[in-house]
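The letters A, B and C name the chains in turn, as written, and every chain counts its residues from 1.
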């Protein structure tokens, strides 16, 4: 809460100094009777940057830093008071202290209450320190800046340089996100691999995170061979692509080549609606409509179909991917130049011949790209499988049986009440890293292939 | 003639291809129809809820303090549940045995004591008079009245016994239970009891989350787009940034959830289950989408406009902000709306950062525990009780209608402001 | 000489806009006829009527009489696919398919089933390349991509591709406008050769080209046919003042 209040006060202070600066510049121009290098508003904008940005950065740093500093200080304090405590006990005590401070619980242990009191007062002190220092920095910067206004300097340029720098930072943000993903997944995954053999994870045929294989095992509480999970993912994704690819591709061909404009104008938005439906809705449909449907259908035919069958999850996932494939393919097909179609018609080819022998081969790289992106999406899709696929990892490719997927396992490992350093939790990051790697490869491959197409016809 | 035959065959092939296309589109449309209709059929009944009229007198002396206000301490100690149950049982004077009474009590919601208490706290002048209050029936009664209760299975496996079913039938014929508009669904947050649960908490949670998402993603995405379209020189860095953006747009959403979990929660120590973190994670996910849309609309503005501004001595920054960005604004907004709509329907990353908790209160700030509408749908669909499915469907209907409307706005915006250069 | 095409009162609309208005024109067999005129005068539109390429454009409607060998090409019995096999077309910009040279030429014969065997197809391809005067340049790289050739070669691939179907007429829509003068000269020479076997109709914006290659010339202006006659007469002694103005560069 203090963060928001402080942010608003910083904005208020900066605005005041903006006005002050503006007046000062106008006054200076009047007194010295010299033209300024830039417009008065540029000097004030420059001031605004200088008064707000450093103080805001300081505020951010302090807001992120203080809780950690307090944690560090008070774990030491607890360790001093109870020298025999283990690390976990210290953590437990610390969170108890924090809960007391927040008023969530009360304790009758005196020692805890004393520490809680100290904690409360020092966190209050830190808050005061934070407020004072940021606002002081804001004012200080403003005053120094207003004092040193130099009308012969090009203020517009410095404002624009600052903005350009800020824009660059925003653009680099994309790289930072990727780096953050890779680092955070890798760090946790490496911790997992220090507890569990890397090759056993990659090539293991048994996935059972909850069961100990042998009584005397020390580190591992379960078995983490990812092959069955991977196989399940592949089964579901394959079913999805079997549904989505033909329907999506033929829809795209019809829309791009045969449909008249009014038909196109109606069908395209409807397909976009299909694309805009949240995945949780498809999951609901898969779990409560499709799965019973397949089970009853199987029962009618005398085949046993699991009530969490791969085919239910896969086919609903396929429905979800249809609009994705059709809109990507539609774009790709329409990007094939009309001159190629004319050339084919001019030789007396029918429309179907033109499409299958000229347009589709020319669009092939883009279509392959779209296909790969769709596969990447199917592999990473979470909600449908969480709701409609099972949890048990069987080594099977039978679509009528229950299978589990990478995403299902990640969700089930991380949504329970597990501790953060638990091997089960860490194994989820191992799976996450595998998932990210697969989809990264698919995406980069898809982008490279499609880019080649774009270059050919630009 | 051979040639004619061949020509016929070629045209047949053409018709076949066309047929495949039409069939595919029909299948896709049929699927959409099946999806929406099955959800509607499941969900529309949740607009109504079984209510039971209760004649009740609460003595004011036991609860009011000297100022004529409800005394909090007294209200806490007063046994509302038994009051309500007794009032309910007056309709069944023949029920005497303990076990029968227990069975009868199960027909009303276990939250009705609380509901009645809330009613009296709000209406102080209602004390001491006989009042008729409509309390919610239990979810089993509700489902039975809606014809969703399977009576064909043996009595032991049912949640309602034959005796209870007879009582309900009698209540129905005497007007002692009625389906009325389901107010709870719109005014309350989640609850253990289906009949008292609602979507308000999830809707507010989603709104808070989206606010954070827009606040973070829109400026960052617009700034990055302007940089890439205006200032970036073709270099390795620029190339690398582009590859990153295109890849991030296709990274599975759950990976962003993992990032949020390990970066925001475990590294920065931000609290679990809060809209602030949810919004940050969804912003990371949305930024690439918005950047791609924004760049496309900036590129659609002809370079001649920028050149004209530069020719008048404007700086690049001025050319961008005075001319190009305003012209590209409709496209930028459309892209943002579509990105936000996508984020609004997203649930997987929110599961990772704990926004899947059971939360009874409507969230009041960015740092109070909350859930989001899609996650609420997930939790209800995953629960064991039949009555929750119905609510899940209705919640889906609201979410989907809202998303379609949002997308429509985006389409209209695009059509209206689309300029042909 | 025998007339290949006879057209009478041809009117073409694009939506509500009239593109060409009331054109009547006969085209002689085994001859080169040029259509000239300033851009937007409807000469390309008229050309595209002759093999019904206009069918592929939305909102385009054609009325009037267009006869090919005394058969109405816009009647319901005529299949545009069949018609285009008889009346081939070469376009303004070279548009080889992104396939090998061989595949480009073999495409037409394949779809029309002109070759009974692989060897026969091979023969057709080589013959067509030869007739297009390209064989020596591409003999060794028949299976390389056609898009890797120079512009002039690409255009001759397109001509060879049209020849391979063995059409009666070849329509050319400004075939040299995207080419350099040397490639243009090669193609003009080729046209001369081809006119022995095919009826050729060529749209060109270059008056010099029309004068060099064609025996008959039609001058279009604002969607109307202004003058039609022997090329020599049109260029030296036109009857209409508009034609005179155009060939001397006063309108264009």
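Definition applied: a residue touches a chain if its C-beta (ideal position, glycine included) is under 8 Å from a C-beta of that chain, and two chains touch if they have at least 3 such contacts.
Here the structure is a predicted model, which is why all the values come from computation and not from measurement.
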Handout entry: Between B-C and A-B, the pair with more C-beta contacts
Key = A-B
Problem - Centroid-based (C-alpha) most distant chain relative to subunit C - result: B
Problem - For subunit A paired with subunit C, centre-to-centre distance based on mean C-alpha positions, whole Å - result: 56
Practice task
Report, in whole Å, the distance between the mean C-alpha point of subunit A and the mean C-alpha point of subunit B.
Solution key: 20
Handout entry: Inter-chain centre distance, subunit B versus subunit C - centres from mean C-alpha coordinates, in Å
Key = 62
Problem - Residues within subunit B bordering two or more other chains - result: 10-11
Exercise for the section: Specify, in ascending order, the residues of subunit C that touch 2 or more different other chains. Expected result: 81-82, 111-112
Exercise for the section: Spell out, as numbers or ranges, the residues of subunit A touching 2 or more other chains. Expected result: 350, 353
Practice task
Spell out the part of subunit B that touches subunit A in their complex, as residue ranges.
Solution key: 10-11, 13-14, 16-18, 20-25, 27-29, 31-32, 34-35, 38-39, 42, 219-221, 223-224, 226-228, 231-232, 240-241, 243-248, 250-256, 258-259, 261-263, 266-269, 284, 287-288, 291, 315-317, 341-342, 344-348, 351-352, 356, 365, 367, 374-375, 377-378, 381-382, 389, 392-393, 396, 399-400, 403-404, 407, 411
Exercise for the section: Using the touch rule from the top, collect the residues of subunit A that touch subunit C in their complex. Expected result: 260-261, 337, 339-350, 353, 357-358, 361-362, 456
Handout entry: Of all residues in subunit B, those that touch subunit C in their complex
Key = 6-7, 10-11
Exercise for the section: Spell out the residues on subunit A that touch subunit B in their complex, using ranges where they run on. Expected result: 1, 64, 67-68, 71, 156-157, 160, 163-164, 166-168, 170-175, 177-178, 180-181, 184-185, 187-188, 246-251, 253-255, 258, 267, 269-274, 276-285, 287-289, 319, 322-323, 326, 350-353, 355-356, 373, 376-377, 379-383, 386-387, 407, 410-411, 414-415, 420, 428-429, 432, 435-436, 439-440, 443-444, 446-447
Handout entry: Parts of subunit C lying in touch with subunit B, wherever the complex brings them together
Key = 79, 81-82, 111-113
